[in-house]
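Here chain A shows up in two complexes: once beside chain B, once beside chain C.
On to the complex of A and B.
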């Protein structure tokens, strides 16, 4: 299958998972910052996007991240009850629980999408979560949606050229 | 007298409802035929592909194409019409987003063919015969179009100028579009020819929609009675009104059924399914995973619910693991 081929191909090129991390300004982003100043080492695979609150993470951002080449998406917010905007993380959790089901039915493995509550003081939890997520995604291999989209489009071109020779039969 | 502007209708992967909406113009069709020449309309008039081929490039003023694209033949036809037409309009939800046929993107082609030609209860096909792409008979060869793995909206296959949304579009939108085209004052390319506000805005029940919703459970119209006065979403049925473009006059709600989202999204939204999912899920009452999950169990088919018409045109387009 396609996924296996891709894995095989890219593994030789030293593929590394790319994870988009949406961290809320008040807790998880601060924790990631703390991890930095405390010189806590974690896998370098996350690209952090700071949002004001985990409640700002529109499910469209998550799907778009996958579509544009992310192998995983991590959302980090304040612990329940601690959201700077009272309810934002609950809204995030509800959307997350729903989106997980959709993403799963559309063939993206559960381990590629993760939500964690990490408070401003939990720098070490950033390390644990990121390392764990990277390890799990390494097992899964690349998601590779941009390549997949391209292959789907190629299907069309191949068939078009096949069909091109038989034009007259439709006339 | 100069020739009347030439107009073509064509259908691809569609149910015929869009054609029906043309017929639904009723006496307004007379206005249409007074002002334009319908030069191609397979469902209504006996013109063939070769009739289209004889026109010069760009000679057809507008082609209204409905249906999703999922076969080689559909692709060829829409490419031909694109070449011959000044303006191409994606007509209806299937052309705009893939529509109901786009839900086939949840399955593998082989799964679909096997079900249709072998496994479905109404199929009697003991030798498991499948249609062949070509076949020799009496010394000549016949061909069938190839079915693709992916169902696509029209604008993934050809350049599209405008969109008329709906499953099917209301005749009113069609008539307005014809008037706009005849007036020569063309809107900017890419415009969806329907109001750019959410359906709730034109819904007669909007005053009964509370600002704060808190869902404990979701109901389904086949299992529970819908109160004919109150906002349907506030009663716990999934109504796509908040994430759907208006223009239909809230037809389904008028018939006491929830909106399933056929007019697609407004211009600010990229993925209608993700948007309505976001809006509905965030209004669940529960705060723990367990409570939330038990409420969500009331939506047994989230893809079919939130992406009923828009899967093929959504950000992911298709089940990505197949």
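On to the complex of A and C.
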């Protein structure tokens, strides 16, 4: 089996974390655009997925991102009170609080998951948050869940076949 | 799937945007890479995808290659998503079979390393190509536009927008917070660059507003809530009690004469406190409407409950009503124009200029009133002690272009400083010194105006004023010394003057953030309301149906304010005359077979779009009420709510694409 995942690679190119960001259309996505218009340079490690509201961010999206190889996940929404849909960001916050515990119990370091309120005018905050997150994740190193999953799966294979072998003997 | 036997055929295009994208992202590499991805039939790059030839290329490819999906990597979707959707639909494809990759604003413009930028572009292209395969053909929903318009703020911007709309036959509700319309312009004597009299051009427009059959003008009123969305806003307006019955008052001013306060004693807002008024007052002679107002903060009846109520007695028409209470009006409008203007920078914040400490330091707005023929001194420029100034310093850029206060240039201060220099000279024949950083006079006739003023013998000193302090040689302790470095001769100079005028900058109103929240629009970093696009949509906001006019969007002069107000009115008219607006179809719906009837989504919707059908034991979503945030979708435990354009598969496919994750391989073990 070949996982075409880029995490965990040790090849000549230095490892760079990959961060998936879910940005709400009205504030944070616009702020990221503003960072562009203002030419505010920041780390090239984030990959933005646009959603209409941070309330759309299903916890499963985040777990899925980690499971499939993201080194970090960033959620960006409007400041409390500013959500374009009144309170989607509060719903997001609620889920986030719970999700943090789950993620923590899975052994994923807390700096890998972040929720930030970034308003349409805060182009510079995009830079600050992204750079900070990238720096922290660089210290942590790759999360590499797909590789871990693979190793676990291989171990399971071995155990299963061992058990199967024994069963044969007893049979 | 438009005659393609169910096979997905994607056309991929990346735009150079001149060198904006291609200067950082290796477009050839991206194109070569995209060509290797599943379902991609065409992969091309082009200098300007948004140009006609760029769009025609897409359309031709759709026809020639039987494409049924299109992905364009270019600028932000906020800029050209519409363009490419149109191109797609004109070639006969559903416009939602299109996906855009933000490769300029969120990539080429913010990263320096071409390799990292190109990697990022490839990740996101892969993501979009993955996603677009899951797109569904959708139709935009149309909602009718109510023809009435709300205009918030009755300065020159609000006045001009209201008149334009009303003249076009639309009903306008103009809501002004102060007792009169007119805004800042009503305070000026003359206006640059023509030096024509402000009242002569403004007052006729104010009465036109008052008398226009299509305009409902509510002064001394505030918008307290706005609900709904484009085409259909429900607005609640609070009409503060004036303690005067509108229809009865004829503006005779007898009540003011009769007030128990024989002399005016209270801060006159309109004159910036340079004169006093009584608790019952007319803001200024041409106030519109011509209605007096009683200020409960200063009226002795409201403060103590004891007063002879001579005002009530004096009014023959029984127009004074001290028991009046606030009333609330509810209206429905289709569009809103925000014209709430600006306020002046608080000069006290630059403490070393001594405003508020030295009586002879004035703000420009105060001087506007001093010069004004109907102002507190009837146009005679005298200091607070009654003497005439023989020398005057005008300090430019107070609070502006300074990282300690505000970074921006307020655009009108150099020009109004020149205007004030001319008028002060005319009124006082004093020596006048302009202290400036550099003179900024862009705009039609503006630099000519500067040249004219410069020839009048006003002195110009290039240097930022460092300090203003009392002249110790002046026995009467009135004269001030203005200290600055004259940067042209590189010398510290100290100029003794009788009067200092601070040209304070324009700043957002204190309550701009509240107004922004209420209307669901955004502010820029400085706090002015932000337009949808600085060049291409300068009066639109990110909220459909809400437009901006005047200084609430940023500092500007009257000509630009009026032009912008006209533009905002035109944008509103365009919507009204079309009669409907197309909305994105990103609404949520319930897959009934899968709904378990747990009801957890019902209370989540802020628009009460979700209800529970007791008979079927299923939830259902009212599409007309759904605004498409997707919050319910994310919360449904059985995954039976879907959001058009943002279905789970679409988002998972983006995640897979970014991480280059391949399902079959991962599962194979």
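Everything that follows uses one rule, which is that the second predicted complex is superposed on the first by the 146 of 171 C-alpha atoms of A that agree within 3 Å, B and C clash if a C-alpha of one lies under 4 Å from a C-alpha of the other, contacts with A are read in each partner's own complex, and residues count from 1 in each chain.
Quick note on the criterion: a contact is a pair of C-beta atoms (placed from the backbone, for glycine too) under 8 Å apart; a residue touches a chain by one contact, two chains touch by 3 or more.
Keep in mind the model is a prediction, meaning the values are calculated, not measured.
**Student:** For A:52, decide between first (touching chain B), second (touching chain C), both and neither.
**Tutor:** Once the two structures are laid over each other on A, A:52 reaches chain C alone.
**Student:** With the two structures laid over each other on chain A, which partner does A:33 touch: chain B (first), chain C (second), both, or neither?
**Tutor:** A:33: touches chain C, not chain B.
**Student:** Taking the superposition as given, does A:63 touch the first partner, chain B, the second, chain C, both, or neither?
**Tutor:** Touch status of A:63: first partner only.
**Student:** Between chain B (first) and chain C (second), which does A:95 come into contact with in this model arrangement: first, second, both, or neither?
**Tutor:** Both chain B and chain C are touched by A:95.
**Student:** With both complexes superposed on chain A, which partner does A:152 reach: first (chain B), second (chain C), both or neither?
**Tutor:** The answer is first: A:152 touches chain B but not chain C.
**Student:** Identify which of chain B and chain C touches the larger number of residues of chain A.
**Tutor:** C
**Student:** Under the contact rule defined above, give the chain A residues that sit at the interface with chain B and also at the interface with chain C.
**Tutor:** 3, 55, 58-59, 64, 91, 95, 149
**Student:** Provide the residue numbers of chain A that touch chain C in the complex, in ascending order.
**Tutor:** That would be residues 1-6, 16, 18, 20, 26-27, 30, 32-33, 35-37, 39-42, 44, 47-53, 55-59, 61, 64-65, 68-70, 81-82, 84-88, 91, 95, 119-124, 127, 146, 149-150, 153-154, 157 of chain A.
**Student:** If we count contacts the way the header does, which residues on chain B are in touch with chain A in the complex?
**Tutor:** 48-50, 53, 72-73, 75-76, 106, 134, 141-143, 145-146, 148-150, 152, 157, 269-271, 273-275, 277-278, 280-284, 286-287, 289, 292-293, 296, 299, 302-303, 306-307, 314-322
**Student:** Quick check on the complex: what are the chain C residues that touch chain A?
**Tutor:** Against chain A, the touching part of chain C is residues 76-78, 102, 104-107, 109-113, 116-117, 119-120, 123-124, 127, 517, 520, 522-525, 530, 534, 542-543, 586, 604, 606, 627-631, 633-635, 643, 646, 648, 651-652, 654-656, 658-662, 665-666, 668-669.
**Student:** Can you tell me which positions in chain A touch chain B when the two form their complex?
**Tutor:** Result: residues 3, 55, 58-60, 62-64, 66-67, 80, 90-91, 93-95, 97-99, 101-102, 105-108, 143, 145, 148-149, 152, 155-156, 159-160, 162-163, 166-167, 169-171 of chain A touch chain B.
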